[in-house]
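We call the chains A, B, C, D, E and F, going by the order they appear; numbering starts again at 1 in every chain.
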Amino acid sequence: RQFEEFRLQLEESGAVRERLRAIVSELDSATRLMQAQLLLIHHSRPSPEILSKIKAHTEGLRSIYGQLAEVLKSVPAQYYRYHDHWRNQTYTVVFLLAFIHWLETGGLLSHGDAAALLGLKDGEFGLDLEDYLVGLCNLSNELPRYVVNQVTTGDYDCAKRASVFLSDLYAAFRMLNLRNDLLRKRFDGMKYDLKKVEEVLYDVKI
Amino acid sequence: RQFEEFRLQLEESGAVRERLRAIVSELDSATRLMQAQLLLIHHSRPSPEILSKIKAHTEGLRSIYGQLAEVLKSVPAQYYRYHDHWRNQTYTVVFLLAFIHWLETGGLLSHGDAAALLGLKDGEFGLDLEDYLVGLCNLSNELPRYVVNQVTTGDYDCAKRASVFLSDLYAAFRMLNLRNDLLRKRFDGMKYDLKKVEEVLYDVKI
Amino acid sequence: RQFEEFRLQLEESGAVRERLRAIVSELDSATRLMQAQLLLIHHSRPSPEILSKIKAHTEGLRSIYGQLAEVLKSVPAQYYRYHDHWRNQTYTVVFLLAFIHWLETGGLLSHGDAAALLGLKDGEFGLDLEDYLVGLCNLSNELPRYVVNQVTTGDYDCAKRASVFLSDLYAAFRMLNLRNDLLRKRFDGMKYDLKKVEEVLYDVKI
Amino acid sequence: RQFEEFRLQLEESGAVRERLRAIVSELDSATRLMQAQLLLIHHSRPSPEILSKIKAHTEGLRSIYGQLAEVLKSVPAQYYRYHDHWRNQTYTVVFLLAFIHWLETGGLLSHGDAAALLGLKDGEFGLDLEDYLVGLCNLSNELPRYVVNQVTTGDYDCAKRASVFLSDLYAAFRMLNLRNDLLRKRFDGMKYDLKKVEEVLYDVKI
Amino acid sequence: MYEKRERLVKASRDVTMYSKKVIFQVHRLNSKNKESVLEQAERDLANVKMDHVTRVAKELQGSEFWKFRRAYTPGMQEYVEAAAFLEFCKNGRLLTLDDLNESFAELKDASSNDFQLNLLDYLLGVGDLTGELMRLAISSVTDGEVDSAKSICNFVRSLYMSLSLISQEVDDSWEMKQKMEVMLQSLMKIENTCYTVHV
Amino acid sequence: MYEKRERLVKASRDVTMYSKKVIFQVHRLNSKNKESVLEQAERDLANVKMDHVTRVAKELQGSEFWKFRRAYTPGMQEYVEAAAFLEFCKNGRLLTLDDLNESFAELKDASSNDFQLNLLDYLLGVGDLTGELMRLAISSVTDGEVDSAKSICNFVRSLYMSLSLISQEVDDSWEMKQKMEVMLQSLMKIENTCYTVHV
């Protein structure tokens, strides 16, 4: 009777979920730690020491994503069946990597580079494009606070850098034809981030 | 017949609830009075007189918690069965004590000290950790309003003090692995309090 | 710093929850299986074979509750803190045991006997009275369906037996002073079960 | 300052509520006991013994309503400010008295007679008209079940008596111009009670 | 009984509508037109009382004050709000319940009833006042009258404090609690307005 | 990517609409027209498959089966419901997932894809079947075919029992749990129908 077979299949998929859950909880701890360390950059100029301390976790992230990929190998072509498990954490990971990258270079971490940092390869276990974009929205949300704090600390140039970066990013997003979903909503918020950063820039000029 | 016994048991537990309700209603009055008195600190610089007037209630709170503990003694091991009765009020009590402590010392009232002020002892009728943490979230929620009013009164340093305190508190919370519950939601709100306080600090600097 | 200690405490209580969840998921599987087997009694007269097959699970339930009790031992006096984890399943377990007992004897499984079947002892990890009573409400909800099906199968006496049992149960509940909560709501529904069973009895007489 | 006086007034009214709550909880116990005793009449012909046993509580009810009236005397003309406290219980009391009256006489207990039984006088602490009418709706809801059970017990005349009574009651209610509120909703349900009783009457005739 | 309720609901609706007009009018106030606007508003409010509050008063006696309270409370709350708003703009003080009840004494002839506003309707009406004062504070600042905003802020603070001491004791405290929350929101907006002017 | 999703949603809507028509048609069944109705329904269902399921199949390969599942699941569930309903009426048995996937093999040429129905859509579709069977049982009794109602009752009971053993394990089990509750309601209505006939 087919139902007996179904039960086996569903239990197998339940076991996959259990394994994913355990790995994702590690991912959660790692990103929590990175976020806590990143908080420090709000209260002083971001020193190379802090940044390299945070970057040191990248290795660990790569290994965790490697474990996720390993589990997914056992259920080929079902990446999106289980995608929800690591989605939220991946937003945060992209946010962290892109923020550090911007602090170091002033530029945007590309989708390919983000994937490479995490050891993710297209075709196998890749970095979903929408996850990457939501991560960038998170970065946008963080910038107003960062700029306000940096200006308070006395780094007045920061406002200019952030404003240029954010308006480029905003323009790039506008070119995408976003459906009416989470990503669209997050993108709508970007407008207010840009506005706030520009207000700070205006205050600084005055 | 067992239902006769059930009736007695349910009435007994109903009586416990009645007694708790009566005591909690006293607790409610006391905290309401303290909160109203605390409103005065928004109207001017916090004077030692106001603070010591509010602190004078601590004795009363201790006695009220003593009564709750007394009732709970009659039903051993059922603290968490009735916990909901005094939970909300305890959030407020922790908030009040921690706020006064911060106004006086600039520091964070520890869990142990909060419990000691209320005469609560671990093992018996203690101060639940999550209640304490929610109380701190309430403090965080109050700080933006306090800072706005103090700056208006002319105390510009206040923004700096609050910003340092709050970002430390936020970083400390960040390290906790919170369940997906009330506390988690309240903590998520702390981010906006911090942002607001930092903006006031920014306004002051500019 | 106290937050480090908080982290440990919260992780400890998180770990307790994880362990409970794992055990409760076993409890869930067991009761689901029992419920599915119990469906058979709607399809024909309840044979002793079916009943003893379901009763064979009692041993397993006892062992599962034993594991729960074991976990709870490590956090003394916190039964009601974690009670929600196994509450729903316990309603079902009581329902199953009381239903089988009624099918076999026509009588009501007492609170004490239900606890004994599950190896639960008062003082330690007991069978909460309200959980037991909700389980009886579930039994009441099932009886109309059972009676309808039995009469269809040709067992006309069943309606009388169920009507007597249910009206006694209803009268016994009536004497309890129930709080305005789930149990109260479930009891309010019992009236309709009784009415339905009496209507079947009426149909049979007519 | 007027607010001090307000506080006194409100505390006084709070004290009134406390006293009412205590008395109403007695009323609750009394009606619960009466309802449980009344359940017996579903399972056999209603004997004079059962009825007089229930009626024996009337004295107690009268005394309880006397206490309510006493409390209300201290706050003249505020009957309706506190009315919600005893409303639900009064529905049940009217239901019980009217049911017994119908069982004994086959007739409808009038508003005046119900008030008299409870020792209530218009002008002072009276029996609110809408409370009386909701109580009658409760009676209507009970009749289908009663009739089904009596016919099962072999009392075939009962259906006729109930049907005549209920259709008179229904016709009388139709004459009232009911607003769109609780009473209206309860009255709408009366239609189904009447229909059900008539169906039983039809079955009996066949 | 149902007809009486209907009449009360209708009268209450009229009281609400005309009281809102008075509030609207007071908002037109500025430093130049102050006297004329207040005089007009005062006349209009007196008309609301004579024309419409009287209709409420006429229906009620004895226990009916409480029996039909739900029917007429919205109107009376709005009337309290309008009268208290006007009084604050005129004299910078809180209109008391006694003030209001004294002013209702003259209705006795017209309604042949001794109509008294109850405490709850007074408190709930005064609770709504803060929203209007917030709007007034914001427009004061826009008009450059910073001191006016500050005095509104102090008035609302002390009103909020007074109410917070008794709000829990009010019958059906849920409604009052809602108003207290809205009040605190309004107060914080007033404070933010004062802050923005300050920095 | 968004265009693909749009196309899938549209195709799914068409599958739903035409599958519903097949179900509607099967309900017209009675003892006299049985063969002709079933033949017609079978042809129509084959058309739904060729015309519209193919459109779904065309879009999907590899991980896209799961990526876009939300877009096409409503249609596939409805198709499963229609196909299983038809199969029950014809042969009194439960259409299996293997049956369905074998029947989809012929789409391979048209879609150039190896389209496979997934387990979840199958289970959710089969869960909906009970509602149709309830309607069928009631109309059978009305037409005097009591045995037919009884055999439906037995079929649904055993289906419900099979599903109840695995429903908790289904991904996002919330949706499946909802269906199980509706299923139990339907089953009880079928049982009540049989009861009414019996007494």
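Basically, a contact is a pair of C-beta atoms (placed from the backbone, for glycine too) under 8 Å apart; a residue touches a chain by one contact, two chains touch by 3 or more.
The model shown is predicted, which means the values in this text are computed figures rather than measured ones.
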Third chains touching both chain F and chain D: C
Farthest chain relative to chain E (centres taken as mean CA coordinates): F
Pair in D-E, C-F or A-F that repeats B-E, with over half of contact pairs matching by residue number: C-F
Angle (degrees, nearest 5) of the CA superposition of chain B onto chain C: 180
Farthest chain relative to chain D (centres taken as mean CA coordinates): A
Distance between chain centroids, defined by C-alpha means - chain A, chain B (Å): 35
Where chain A and chain D are represented by their mean Cα positions, the distance between them in whole Å: 65
Mean-CA-position distance for chain F and chain A (Å): 41
Rounded Å distance between chain C and chain E, as computed from the means of their C-alpha atoms: 56
Of all residues in chain F, the ones touching two or more other chains: 165
Of all residues in chain C, the ones touching two or more other chains: 175, 177
Chain-level touch network, classified as line, ring, star, complete or other: other
Chain-to-chain touches, reported pairwise for every pair that qualifies: A-B, A-F, B-C, B-E, C-D, C-F, D-E
Chain F - residues contacting chain A, complex: 1-2, 5, 62-67, 69, 96-98, 119, 123, 162-163, 165-166, 169-171
Residues of chain D that touch chain C when the two form their complex: 28-29, 32-33, 35-36, 39-40, 42-43, 144-145, 148-149, 151-152, 200, 203-204
In the complex with chain C, residue positions of chain B that touch it: 1-4, 6-7, 9-11, 14, 17, 76-81, 83, 110-112, 129, 133, 172-173, 175-179
Residue ranges of chain B in contact with chain A within the complex: 164, 167, 170-171, 174-175, 177, 195, 198-199, 201-202, 205-206
Residues of chain F defined as touching chain C within the complex: 154, 157, 160-161, 164-165, 168, 188, 191-192, 194-195, 198-199
